[in-house]
Amino acid sequence: MKPEVPSHATPTDIRVRYADTDQMGFAYYANYPVWFEVGRASFLRERGVPYGDWEERGFILPVSSVAYRLFSPARYDDLVTVDTWVEKVRSRSILFRYTVSRGSTLLAEGETTHICINRDLRPTALPRDLRDAVDPRPGTGAL
Amino acid sequence: MKPEVPSHATPTDIRVRYADTDQMGFAYYANYPVWFEVGRASFLRERGVPYGDWEERGFILPVSSVAYRLFSPARYDDLVTVDTWVEKVRSRSILFRYTVSRGSTLLAEGETTHICINRDLRPTALPRDLRDAVDPRPGTGAL
Amino acid sequence: MKPEVPSHATPTDIRVRYADTDQMGFAYYANYPVWFEVGRASFLRERGVPYGDWEERGFILPVSSVAYRLFSPARYDDLVTVDTWVEKVRSRSILFRYTVSRGSTLLAEGETTHICINRDLRPTALPRDLRDAVDPRPGTGAL
Amino acid sequence: MKPEVPSHATPTDIRVRYADTDQMGFAYYANYPVWFEVGRASFLRERGVPYGDWEERGFILPVSSVAYRLFSPARYDDLVTVDTWVEKVRSRSILFRYTVSRGSTLLAEGETTHICINRDLRPTALPRDLRDAVDPRPGTGAL
């Protein structure tokens, strides 16, 4: 099963570490949110808006929800690809989607929703330039 | 907001470690699936069917899906409570639900679905005694 | 082999999580520094000087060196005990020692050295009350 | 300070993840043993003897001791280099050394000792071809 990944997704290769394995011989299931984070970081860096810059400007993006499904296990030393894209941008939140695959095998798919808060931890609007940089529909403006 | 937890849930206290924190000063979001696992282990131990026994008997319960929502951050040294219960048992899968709270504050809620496989990694039926031990509706039999 | 633990050590029980295991079926070796941290937190809390308070007062204790030896593996669901004590306090550093055991079996022993820095990340002297609280030789004053 | 790294060391680049940070804003200290593992995997893969092959042949290399010193913190999104080499090979153990640096700045240095055990978890001699592949003194034979 080949994952359906939009053309504007960013691929990131991740090597499964021994630290990631568990006694089942699989990558432990809490690694997927970590790999999603690595995918997001690549996506934002590629768009010219590395996440570190957001925090420096006072825009923090904590996760408000996570969902993922696991179809097939990843194993030690596998080279997996996390494809990451933004599904939706709202004034105060972003929805990221991910697939994790090994070659043509889809291992997992997931999504994370992020809200935007400021340094006082209050919800705040995403600045225009950051929204535009990640918006999946360039030209139409964010939702 | 006080979490709604069924009376047959098992509470487990977890102290937030420095290792769990991130530079936002919150517990990093991939800790929640780990804490769910700690909650599941307590739940199964309390029911007299520790997870290690399942594996020894050749019944392995990998996670097939995960979903959770985060309402309020956990912080270093917080003592949080994971309440864990089984929502549904099928012949080859189990649905666990969780809340994470600090005192009367609900921090997160989530669920994980597990399938049952044998040592050859093939789907297999949960044995009757294990199903009965975790079934939320004792006396009626599992679904 | 029964670990040699001084009488002023603080014991902390830790249950080995599935997350901690690796495909060898052992607790992965990078868990030991995490368990040492849990032991330190207990030690400091018991002495009335929880580590969170140090940071709130502006005294941060990053690790400058770590060493540990592993004698026997910890396994899933083991209840291990981390015994933690302060071996030496200097004006700007603390040396912690640890043993990890399961019942009467010594699994590991280790040590961590911490320097004291302030919020500007500059080395600073440990305040007298904190030194006294952790000093292994009460009455004689820190080194 | 430029780390002293022998010419037969293998460099591996690792991007510091948000998951790796703690509330000090540094990479948490238990990440270093994980990064050493990533470095070892690269080293062995480059020598043509990936660690997975060792385990498949029944030679398991658990860690028996770890030591590292931290000179300067790694931070979120830093690209750090782990240089890895074998310092010594004995009939039943291997000593790896590591440096972690960011550009010309040495952040950390460390070492791990590994013993060789078989599937029954008994100490066993390293096979000749594996010893030769990692030996730092090719031609002279392992110690």
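Things worth noting here:
Should a chain be cited, it is by its letter among A, B, C and D, assigned in written order, with residues numbered from 1 in that chain.
Definition applied: a residue touches a chain if its C-beta (ideal position, glycine included) is under 8 Å from a C-beta of that chain, and two chains touch if they have at least 3 such contacts.
The structure displayed is predicted, hence computed values, not measured ones.
By number of C-beta pairs in contact, C-D leads when C-D and B-C are compared. Listed options B-C, A-B or B-D contain a single repeat of the A-D interface, assigned here to B-C, on the basis that more than half of the contact pairs agree by residue number. Mean C-alpha position of chain C lies 24 Å from that of chain D.
Centre to centre, using the average C-alpha position, chain A and chain C are separated by 35 Å. The geometric centre of chain B is 29 Å away from that of chain C, both derived from CA atoms. Counting only residues that touch two or more partner chains, chain A has 18-19, 23-24, 30, 34, 37, 76. Those residues of chain C whose C-beta lies close enough to touch chain D in the complex are 23-24, 26, 29-34, 37, 55, 60, 62-70, 73, 112. The touching residues of chain A, when paired with chain C in their complex, are 18-19, 21-25, 28, 30, 76. Within the complex formed with chain C, the residues of chain B that make contact are 15, 17-19, 34, 37-38, 41, 50-52, 76-77.
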